[in-house]
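Next come two complexes built around chain A: one with chain B, the other with chain C.
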Partner chain A sequence: MKKVLVASVLLASSVSVIAGDVPISGSVQTRCLITTDTNGVFGNPLPSKLSTASADGGVVPVVRYDVTLADAYIAKVTTPTAFSASPSLSDSVTWTGTTAVSKTSDAAMSGYEAAKVTYGSTTQFDLTKAGSTWFSSTATAVYGVNKSFPGGNYTAIVLAECIAK
Partner chain B sequence: MTPTYPKFSESFMSGISVTTLNIFNKRKDVSYYEIGVFTKEWKPVAFVSQYKVIPMKYLDTLSFDLYVNNSSLHTVVYICSISKLGAGSTVASKICSRVK
Partner chain C sequence: MSRLAVVALLATYAINAHSEYLYGITGNLAGAGHTWGMNNIGPNGSQGLRVNGVYYQYTPVKNTEDDMLVHVRNKKLGVAGEYIFSNTDDWSGLPGGIPITKGFAVDNLPIELWGDGSIDVEGTGSVTDANVIYSYKYNNDCLTPMSDPSCPGYTEAVLAMMVVDAKGYDPLADGNVTDIIDEKVELEDAPKQEDEEVEEKEKLQKLLSGVNDSILFANVTAQNLLMSSMSLSMKLNSYYDKKIAGGEYEDKVVMDGGELPDNKKGARSGLAQQLLHTEMVSLQYDKQE
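This part shows the complex of A and B:
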């Protein structure tokens, strides 16, 4: 009887030790991530023109969206309408820009491009599937009427938004 | 930023509601994020939080509480993290959770 009691106590204590050591862990998964895949660079094919198009000697900026929750987010990509840094300019700059899906992680996302909505300089995509999507934006700036851009460094910003529906 | 659909609850102060948000920096070229609270029409809503601009290293995560007055709580729709760009960055990002 004594042996049984000791064995029971040992068993109970070992169970409680094991229960006390069981870790509970968890992590919060981010549902929408935006990363810069490629920073854009302006080419200068004409004195009055700056363009990120590869045909104009530029580099097209590419933004990657990683979504882990399907049908919960809208992606909005806005091409620049002004320089964030530039030499002093005395004439107006005319901006044009386009955004397109350049790559997807899932073939089921192939409809994103056809379903996109464009207003002003913003292009909107409905992210109905979970996975990664790459968007590339072409931006072109034309200075005055055939006027040469003054020498210096020019920077413009693409705005990438991920808005919960 | 998570959760995608945050929910407010009564805080320890009467008349003030609170929600907890988590932010993760996946961008090497960004070290600061600004937090903003907006209405459906993207008008700013006053809020209180430990941070308005959060310094974050690459791959850092941070959890923080955000407080809103109950009188303006019904107007809150979007809570956003907006990247603050340094020299050399050409892509600004804005990720918004939605209060339903």
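This part shows the complex of A and C:
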């Protein structure tokens, strides 16, 4: 009688074991937001030159980085090295570009400009403070050797990246 | 009784006329210098104006090694030495030349508390291209005193309205009416026109009567078309209005059970056709042999 009882208890115990998957979910809020503040426009001061400089009749593109976490991100801004859209070009285009801090939301960010690192067409800023920083980029394209750009629309892209440290 | 009605009407109007807040921003108050007043913020006559944001931008001019503090602030009216808004940027040991821009949300503080604003530099250096803007909200509920019982001058305005002698409308006292009557009298008393003028008038009247006839004819035609389309609509509606009674519609066709015998006559006919067809096909091969 005892053996039967033990067996039935074991059976009941084995039936009551239920497996279950418990999901773990979470969301990560972005702490670095990139916003286009001003779209750039190419001026055409010479037949062979396109430039975003205001002196050349262009508009300098401005991008804003909003960082809510200090010393956690690096801003990388890359000026264009090719047109993303243009008429057919038969000669080479020489590109030059610079990126600089144009405005900050904190006095302590004024050191970003002196501490920036430039390689190739990319400029890197260490975002050590929380707040907003505006970066402006100039881009200049020269076609061949004093060769006129063919008529049409030209578009180039400034790449702005926020990279976690 | 009528006074009560007027008061009730005004009270109702006052409740309904309560509007939402309106929002606005100032221009650059620091444009003319580094101090500014807060007296002319908002539209004229705006009531309950409250400041809800302060935004400023300037460019520091300094050497990196110099110490410099920049205070952007507004005095608090009625409390000496206190500020209702104050923010300090510490540029000590930092390079100048790069503009700084900041924005602050302010907790809807009444304009009555806001004293003069200023940008003060402490240390070595200066500030250029200063730009200070305030955002605010207000309402226009009291542009007319009777808009709301809480508006200043409400009671006086209501009392002034109630003592107005509300006489009935006298058309003979209306300037517009008397002017028209006078013109009519003048026309009736005017001397008769010359024959030529009368003839021209008659011609013009004939022309106008012709136009009137055309308009009348067009109206009649339009009316006819309208009536025609309406009658068509009525004819069609009798069909559209038909409705099928609801409920369940069961099948009425019932197939009897049992065996269905093959159609022998049909089978014979089909077989005969097949035989004939085979014979015809075979004929072509027989010829070749």
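Heads up, the rule we're going with is that the second predicted complex is superposed on the first by the 136 of 165 C-alpha atoms of A that agree within 3 Å, B and C clash if a C-alpha of one lies under 4 Å from a C-alpha of the other, contacts with A are read in each partner's own complex, and residues count from 1 in each chain.
We adopt the following convention: a contact is a pair of C-beta atoms (placed from the backbone, for glycine too) under 8 Å apart; a residue touches a chain by one contact, two chains touch by 3 or more.
Computed from a predicted structure; not experimentally measured.
Now for A:158: first (chain B), second (chain C), both, or neither, which partner does it touch?
A:158 sits against chain B, while chain C stays out of touch.
With both complexes superposed on chain A, which partner does A:146 reach: first (chain B), second (chain C), both or neither?
neither
Taking the superposition as given, does A:101 touch the first partner, chain B, the second, chain C, both, or neither?
After superposing on A, A:101 lies in contact with chain C but is clear of chain B.
Kindly classify A:111 by the partners it touches after superposition: chain B alone (first), chain C alone (second), both, or neither?
Touch status of A:111: second partner only.
Counting residues of chain A touched by each partner, does chain B or chain C come out ahead?
It is B that touches the greater number of chain A residues.
If we count contacts the way the header does, which residues on chain A are in touch with chain B in the complex?
Touch list, chain A to chain B: 28-36, 39-40, 61, 63, 66, 69, 72-73, 84, 155-165.
Touching residues of chain C toward chain A in the complex: what are they?
Where chain C meets chain A, its residues are 57, 60, 70, 89-91, 94-102.
State the interface residues of chain B toward chain A in the complex, per the touch definition above.
Chain B residues touching chain A: 1-5, 22, 24, 26-27, 29, 61, 63, 78, 85, 88-98.
Show which residues of chain A lie in contact with chain C when the two form their complex.
Touching chain C from chain A are residues 101-111, 113-114, 132.
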